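Both complexes shown next keep subunit A, but they swap its partner, so subunit B is in the first and subunit C is in the second.
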Partner chain A sequence: MSRPLRKLLDKAGMAVCVLLLVSPALLFFIWMLSLSLKFEIDNGAYPPILIPDRFAWKNYTTIFEGNSFLLYFWNSLIVTGAATLFALVVGVPAGYGIARMKAHKSAVVIMIARMTPGLSFLIPLFLLFQWLGLLGTLWPQIIIHLVVTVPIVIWIMIGYFETTPMELEEAAMVDGATRWQIFAKVALPIAKPGIVVAFILSVIFSWNNFVFGIVLASRETRTLPVAVYNMLSFEQVSWGPLAAAALVVTLPVLILTVAAQRQIVAGLTAGAVKGG
Partner chain B sequence: MASVSIRNVRKSYGTVEIIKGVSIDIQDGEFVILVGPSGCGKSTLLRMIAGLEEISGGTVAIDDRVVNDVPPKDRDIAMVFQNYALYPHMTIADNMSFALRLKNTAKSEITAKVERAAGILGLGPLLGRFPRQLSGGQRQRVAMGRAIVRDPKVFLFDEPLSNLDAKLRVQMRTEIKEMHQRLKTTTVYVTHDQIEAMTMADKIVVMHDGIIEQIGAPLDLYDNPANMFVAGFIGSPAMNFIPGSIGGDGFTTEGGDRLPLGGRVPAASDGRPAVYGVRPEHFRLADDGMAAEVVVVEPTGSETQMVLRPLGAKAGREDRKRELTWVLRERTGAKPGEVVRIAPDPALAHLFNPDTGLRL
Partner chain C sequence: MSILTSSDRVVGAASVGRTKRLRPSYWPFVVPALIVVIGVIVFPWVFTLWMSAMEWRIGEEQRFVGLQNYARLFTDVRFLEAMLHTLVYTALSVLAPLVLGTAAALAFNTKLPARGLLRGIFVMPMMATPVAIALVWTMMFHPQLGVLNYLLSLVGIGPLQWVYHPSTVILSLVLVETWQWTPLVMLIVLGGLAALPTEPYESAQIDGATAWQRFRYLTLPMIKPFLMVAVIIRSIDALKSFDILYTITQGGPGTASETINLYLYSVAFTYYDIGYGSAIAVVFFVLIIMLSLILLYLRQRSAWNTGDGQ
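Let's turn to the complex of A and B:
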């Protein structure tokens, strides 16, 4: 076999493998996009149609007309934003402390909070929030999303701080820095790529969370995943608007991830402690 | 500037004792080098002076003030790390001024001090760059600059040159020595490289297995090693150790060769087993010397190193340690397999007790 041909075959093989690996995620997404652009009649057609003759842009306009979609979007933004922000404020120093003190047991305890199924504590918490008079506000959802976001941030930051070189902090110690100054002026700036990763994962998990919203949200305090779920009615499932709504819900997270990916890569190459 | 006094210092991790009672007096302005093989405790000792390791026993005093419980930030020391430990998110100028900024020093003073240090080290054009944009040697200089700017009581160096290539290492060695001659700051320097220790130190502390083997000026250690460890560690290539016994007015090797003692026979030592130590450059050709076969000839240009096997010794692998190294200043036409007759200079040879390793 000639060399160029061999190379070509290698490349083709690689392409097939990559396609196989990403196809579940990709095909799912493409089908969702297709659904969101088809009229009901096309959505039910057999054999299935991938690209319709006429595009149903109406699906996208209906989600913004019929429902209080913008309100739900705002709710989602507040809940995810507040839960992530608070998780970073608490979780980054906590991760630093656990990493430096080698307090792996407390890390496990935090993980247990994450492993406990949400439904087991949702009902008592629902009663608690009712007693506190917080139902009807976004507070219950913000607070309960911390169960998801705080452990993620702590665990990612533990892993990150464990890899940052101790010598830098020792140098700062000798240079006259206090513990807090070392954290704020040396450890934190170096951990920026780790913080970005923690931020993104925290946002994704919080943004997509459904169980907490469905239990704790009232009509005015729904977040987007709950709102999408409510588009399923008893009489019929309108696939077009549903898929369109799901896509709109996914879009902010998608954009955030793509935008921040560059940051992560840039951050990883910026470290450089040793020579070379 | 300050003196450092280390009194009977111990360090243990659990039941394992790393440093077993060490005392060193470092005078004001002195350049002291802690040298020893890996794991001898020299870095741990330095980190205890810095305050980065707790002291299990004994005291460390800087300028007569015991600092055992003083945190590193209040000890007024500056340290240069092996990996440079430059803050990657700060420019060179910010790296160098970090300590001063923490102390809220006036801006004008910071600028002046940074520029002075940058001038000493030739870092002027690099002040606005980041550590990742610098070569290894430049980073090393920045790490030193960060220490100079502080104007501390004591400089601590933890194997600062081991990440550099051989040529740069020699150059930086000279620069550090020059810097010390200029600033005269008390310096404690850790290295495993005895050449670094010999060339830079005012005083060398040879450590081994958590104890001090010998303290002294470089040439003093070279000429008068207290024991076989120091004799073998200081000097490159290492000293030749020839086992045998003392008898009459000479020394008889295990292979049966006679070596001269120059009348320096220790008292009451007839027939006593001993180790004859002679440095590779202290052999000379002699018609009545011991016969040895040339095994390898290694010319380096300025000198020639030769590995010899005494004919008295049986050839074979276990006799590898009986092989002798000879360093000649002049070039030689000797070929492997040839037999030469060499004799050590008895005035420069040493005798050691084979059991205790101590010099007789």
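Let's turn to the complex of A and C:
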């Protein structure tokens, strides 16, 4: 076999391999889309139909009509937004402080927090929230989501601040700047890409969280994952609207994943953590 | 991953150690986070430990019972069964993603067109909302209307009962877990592959080694530390797995797929037996830490054997 031909075959073989690898993910989400756009009769058909003759757009409109879906969307936005913002406010300076003090032992606490099952935080905090009379508001969920978001932010920021050069900070120190000034004016601007990574991962893992919600959320304070789960268990909903709801819940995350895959991969491989 | 970087950071810190005068009084930066960590992470640990020594049901008087809750675990058949389910589930959910993820990493390590986009798609399962994908899997597992049985019928297998039969439920759930978490193993191993030196491969090429030989005798030993990190992370995550299991089966049929985590949930939030639930949480936590330490020890040894200090 000639060399160029062989090279071409190698490439083609590799491409087939990668297609095979990607197809479980790709086909799954295509099937999810298909389920969400079919009428009940098409979803029950055998053999299954991938592309129906008529699209059931009403699956998407029904979920927004009857199920207070907008309220749950809003709840998710508040909980994820507040937990992420608060985590950035306390976590970014903490990552900076730990990196500069070289207090690596303190990172062990964060590591063990990542290993702890989310449920074991829930029992004591549930009792605490009950005692404080906070159940029924969004506060318990915002606070407990910090269990997820704060360690993510601290971890990523320690790693990031360790790689940023010290020379500029030392120069600012010689010029008589205080530590806070150095942090705000020198370190923070350089760390922007790291903050973006921390923000994205914190948002995704908080948005996806389910276990805290099923215990702490009441009817009015459900987040989207809990709302979708409840559609499955308590109301007789057909597959179409259910798949549509599932897709709506996870779509923001999927878009973020494909759009920011470089940052996500960087964050996850730099020692990031999965929450919950 | 966190484990890898933390030990590496300690080594890195010792070798730098030059900017001494910048060191003191960075405490104010850390204090707010410290308060949060104590409030939502350390306090629950301590409080759980205390509750585990109590007879404590919601709405009833609590009293101190010492180690009685822990003694009860040994005679609780449902707990022991959950333990077994957890071990089987975890072992399979580590092994399958490890093999597939390594294969995927080898494929992604070559120069491909649209590599970024493909990697983005490949990573989607682990980033997607677990409840949402669990719902779709539930529909796909449906014995009559599900697409999986249709696909199997095309190659003349089935129909299977998937998550609706005790004998196949755990394997079906492992399938979902593998689908979801193979990308994470891929990313970790890909990081290892990117750091490999090229010289050994050049000389192997000259010696006429086959692709399999190059993988078996060059790549595999060199990425072993990364594989160990993947095993550690995967083990912890599989042990803690909750969303997928709870959404698809809730531990059923019967208790055929009930893991420790699901049992813990039932005890604490269905029966409101807080004291006993806390004891399970403590045992579960100790189990996870012990497993992590064992794997960490093995990782250290494998690093010694390959001779690099990673």
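We adopt the following convention: the second predicted complex is superposed on the first by the 229 of 276 C-alpha atoms of A that agree within 3 Å, B and C clash if a C-alpha of one lies under 4 Å from a C-alpha of the other, contacts with A are read in each partner's own complex, and residues count from 1 in each chain.
In this text, a contact is a pair of C-beta atoms (placed from the backbone, for glycine too) under 8 Å apart; a residue touches a chain by one contact, two chains touch by 3 or more.
Nothing here was measured: the structure is a model prediction, and the numbers come from that model.
With both complexes placed on chain A, subunit A has more residues touched by C than by the other of subunit B and subunit C.
In the superposition on chain A, A:5 makes contact with neither subunit B nor subunit C. By the touch criterion defined above, A:70 reaches neither subunit B nor subunit C.
Of the two partner chains, subunit B is the only one touched by A:190; subunit C is not. Touch criterion not met for A:51: it reaches neither subunit B nor subunit C.
By the touch criterion defined above, A:165 reaches subunit B but does not reach subunit C.
By the touch criterion stated above, A:173 is placed in contact with subunit B and with subunit C alike. For the contact definition in use here, the residues of subunit A common to its subunit B contact set and its subunit C contact set are 170, 173, 270-274, 276. By the touch rule above, subunit C contacts subunit A in their complex via residues 1-6, 9-10, 12-13, 19, 22-23, 25-30, 32-34, 36-37, 40-45, 47-48, 51, 103-104, 107-108, 110, 112-113, 116-125, 127-133, 135-136, 138-140, 144-145, 147, 150, 179, 183-184, 187-188, 190-191, 236-237, 239-240, 242-243, 246-247, 261, 264-265, 268-269, 274, 277-278, 281-282, 284-285, 288-289, 292. By the touch rule above, subunit B contacts subunit A in their complex via residues 50-52, 71-75, 77-79, 81-89, 98-99, 102-103, 131-132, 135-136, 139, 146, 150, 156, 163-164. By the touch criterion stated above, subunit A contacts subunit B in their complex at residues 165, 167-168, 170-178, 181, 185-186, 189-190, 192, 270-276. Partner subunit C is touched in their complex by these residues of subunit A: 14-15, 17-18, 21-22, 24-26, 28-29, 31-32, 35, 43-44, 46-48, 86, 89-91, 93-94, 96-98, 100-104, 106-128, 143-144, 146-147, 150-151, 154-155, 158-159, 162, 166, 169-170, 173, 179, 183, 204, 207-208, 210-211, 214-215, 224-226, 228-229, 232, 239, 242-243, 246-247, 249-250, 253-254, 256-258, 261-262, 264-265, 268-274, 276.
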